[in-house]
Amino acid sequence: MTSAPSANPPTASTARPVVLAVGVIALVAAGAVSLAVGARAVPVGELWQALADFDPRDGDHLVVRDIRLPRMVLGIAVGAALAVGGALIQTLSRNPLAEPGILGVTHGAGFALTVGAALGLAGSAISQLGLGVVGSVLATALVYAVGRHSTLRLLLAGVAFSAVLMGVSLGIRLTSPDALDQYRFWSVGSLAGREQTDLTVPLVAIGLALAGALVIARSLNAVALGDTVAHTLGADVARVRTVTLLLITVLAGAATAVAGPILFVGLIVPHLLRRLTAGSVPWLVGLSALVGPILMLVADTIARVLLHTGEVPVAIVTAFLGGPMLIWVVRRYGAGSL
Amino acid sequence: MTDTQQPDTQNPGTQKPGTQKPGTQNPGTQNPDTYDVRETPVSGRTSTVRVPVGDRAWFVQRRTITLVLGCAAAMLGLGFVGLSYGTSWATPGEVFGALTGLEPSVVIAEWRAPRVVAGILFGAALGVAGAIFQNLTRNPMGSPDIIGLDAGAYTGALLVMTVFAGASMTVAFGSVVGGLVTAALVYSLSRSNGLSGMRLVVIGIAVNAMITALNNWLVLRAELEVAMAAVGWNSGSLNGIDWDDLILPFAVLSVLLTVAALRSQTLHQSALGDAIAVSTGVPLERQRMLMVLVGVGCTATVTAVAGPVAFIALAAPQIGRRLAKAPGIPLLPAALTGAVLLQLADLIAQMLLAPVSLPVGVVTTAIGGGYLIWLLAQEVRRR
Amino acid sequence: MTTRLSARDVTLSYGERVVSTRLSLDVPDGAFTAVVGPNGCGKSTLLRAFVRLLKPGEGTVSLDSRSVTDFPAKALARELAFLPQDPLAPEGITVRQLVARGRYPHQSLLALWTAGDERAVAEAMDTAEVEDFADRPVAELSGGQRQRVWVAMVLAQDTPYLLLDEPTSFLDITHQYRLLALLSRLRDEGRTVIAVLHDINQACRFADHLVAMKDGRVAAEGAAADVVDAALIKDVFDLPSVIVADPVSGTPMVVPE
């Protein structure tokens, strides 16, 4: 009876389909805007022409088809991957402050990139991508090996390994200007220019992992109630946990390797949706896959037009969109309600 | 009865315990002479030492005394190594000569000695700041760097370096301003109907992430040389500190650490939960405000001189409380552990890649990570 | 019946949620007052207002005709002790160290211990019967032992008033009765006890003064024998019942239909 007043939201079961419909419309709108807006504004009519009736001699068509369309696809994939990864790790750890990077993905990728740059291996975009994937997978495997028995230990192990990796790679960067130079460009997550790399493998990986997340979400519904309850409900807790962690690694690892570290999408999207989805993990995962891309596309569009001197990395925009949202949620509903 | 200075002299009672009627007078008033202190009911028989002060007493845990002596020995030992170590090792005779002034040595007295003192002083200050924040937030992860103080200081320093191309004094000034503005922002955002520890942590994380993003961008836009200098500053370093750099921090930290010591009992009383803290007479709001000021002041002062030295504030209080086996997160063990940790880390940073001296922050990060892994190993054993 | 502690026309709320409007209650001195009522009726809120954890939006809570908000923090803490439902024991604290924390309002800045402090701690541990495990960590104790330790801490505060918020929850029946008997004994020694109790039959049996609350207001108050009847139980708890005499104490006993 000392708890905060319980607000009376519209019942989740009626709200969820509405949110789903609104979300789909918003995603389409955000996609269209992200295709139209940029250094070179493209009228909406031309936009449709460029997609339906491509003319390779038209500059507008080239911009839309070769630069903005792949970038939009990349933004959708990265946004969905991070948001769903966040929904999974928060559900699995029952910790509202967990985000996918906590498993060592971000610092593992950063460490591999630093070492690669110091050895002169990180010259091309494709080699950077490779280093990022290898680093994040190795770091997560190590974290998992130490912390697999309990979720709390998993989070702590992630923090600990991240710290060690951060310290060592910082030491390397301070002694190697080349490594610092390459790292600082990667360390601010961005979609700019990344669409020109061959993204087939990461995109396919993200797509498969998203499908996997929707499948495992039903079992996570049981795990969310606690290991004991999950066990009595007949869920194989250990297997569900292992599969979920694998999915998180693929989602976050691929997104980080492609776009660099982008904070907050994975933290804030599941937060905003938790009250609406009222404990249903499949809905949380599904709506995260929808709202994550919207946030990402909006942020990326803002990043393109914010300063006329050049692009702002999208990670800065997501931080400044997501930070105030998190503060608002905490102030409105209290930290306990997270 | 508004003061507790002399509670035992107001009512030289002859009442026996148990038969008194509380409520009309201070119920705790009886003549101390009628009570025979045969054992020490306050804190156990063997683990505690009673230090009489007039007709009153202080109770000190035996392990705390051991820890103080142990840390003092470690500081002396490490300090001696620190004075001796350099491009060429000084003999013990030379060190003693320099310290007593019999055999003046600029290198030892003017270069190495301030560095040793800075390691002890700053380590203690960071340890206390961390312990204060971990107490306030009731969360072992609630250290000043997590709630954005270091990131804010970095922003201030970065702005001075990139926009104003400033010298080291102005960088120090910028970092203090940045740290204080961030602290004020986090604090004011966390307040509404009083301050909640968890809310402070979450809002701190949010502000920290935004500022970190901004910092990354500033580094990205800077010339490579400026970026190198900025990243180096951000790692924290005791390189090149001399006596002049230490006068002001010494004065500020003395005041802050004294305040912390005087308020530590109240800080620990608050650890019993807000309800008990208030009902036993802790002025909770004022206490929190004061403690936040002390914690922020300690962090900002160290950052101004040495840059943000990571992980001491997180690790020292946790290691200290385990060494002292004391309840809660006590300040003294945190200060001692912090001092030894920073001294040790600075020696390692000097020796690891000699003659290049690494920023001490690189070493403290590794130590912090190692500490957390050690924590995990302990949990495994407990299962 | 004299009264030093009283609430006069207080409005109590958490943010926008109003719990009580214009609530008044006089706490009889030297008596055992039990506050009962259904979940969420404002019992704990009232207790929190007495110890200044919650400031009334309107009205005053006063001790000796002086608003509790006008007392210096430690001075009020030497009058009113409060045991909440969810106290936190710092990690690694021993029983003795925790009980000693009750002396906080009697100590000055430097935390010097007087013989009076030491005696109060010893007496409190004796009264609450926690001496047998005085040097063990609180975290290792059973629920019943732990609750007695917290009671000892509140006793060490050595106040004329003891306020306890559901002190018997999570205790087995033996420990419930031992604790209530201890509170009666403290009342006999001259202290004023105010406890929120869950079990109406225990309240009837041990309390001198029963306060039944519903929806943030006092539905009835007085000696249990005078106020408890089937109509009151129906009104306050929405429970049809028969009232019989407790075969041991003769006090009213509620038996649900």
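In order of appearance the chains are A, B and C, and numbering begins at 1 in each one.
Criterion: a residue touches a chain if its C-beta (ideal position, glycine included) is under 8 Å from a C-beta of that chain, and two chains touch if they have at least 3 such contacts.
Keep in mind the model is a prediction, meaning the values are calculated, not measured.
The largest tally of C-beta contacts between two chains is found for B-C.
Core chain by CA centroid proximity to the global CA centroid: B. As a whole-number value, the distance joining the C-alpha centres of subunit B and subunit C reads 38 Å. Each chain gets one centre point, the mean of its Cα atoms, and the points for subunit A and subunit B are 36 Å apart. One finds 51 Å separating the Cα centroids of subunit A and subunit C.
The set of subunit C residues touching two or more other chains comprises 15, 48.
Of all residues in subunit B, those touching subunit A in their complex are 141, 189, 192, 196, 198-199, 201-203, 205-207, 209-210, 212-214, 216-217, 219-220, 224, 227-228, 231-232, 235, 311, 353, 356, 358-359, 361-366, 368-370, 372-373, 375-376, 379-380, 383.
Every residue of subunit B that touches subunit C in the complex is listed here, in rising order: 1-5, 7-8, 17-23, 26-30, 32, 35, 37, 40-45, 47, 53, 55-59, 138, 193, 262, 265-266, 268-269, 271-276, 278-283, 321, 325-329.
Only residues 97, 146-147, 149, 153, 156-157, 159-164, 166-168, 170-171, 173-175, 177, 180-181, 184-185, 187-188, 263-264, 312-313, 315-316, 319-320, 322-324, 326-327, 330-331, 334-336, 338 of subunit A touch subunit B when the two sit together in their complex.
Those residues of subunit C that touch subunit B in the shared complex are 4, 15, 29-30, 48, 51-53, 72-78, 80-84, 86-94, 96-98, 100-102, 104-123, 125, 134-135, 153, 157-161, 163, 189-192.
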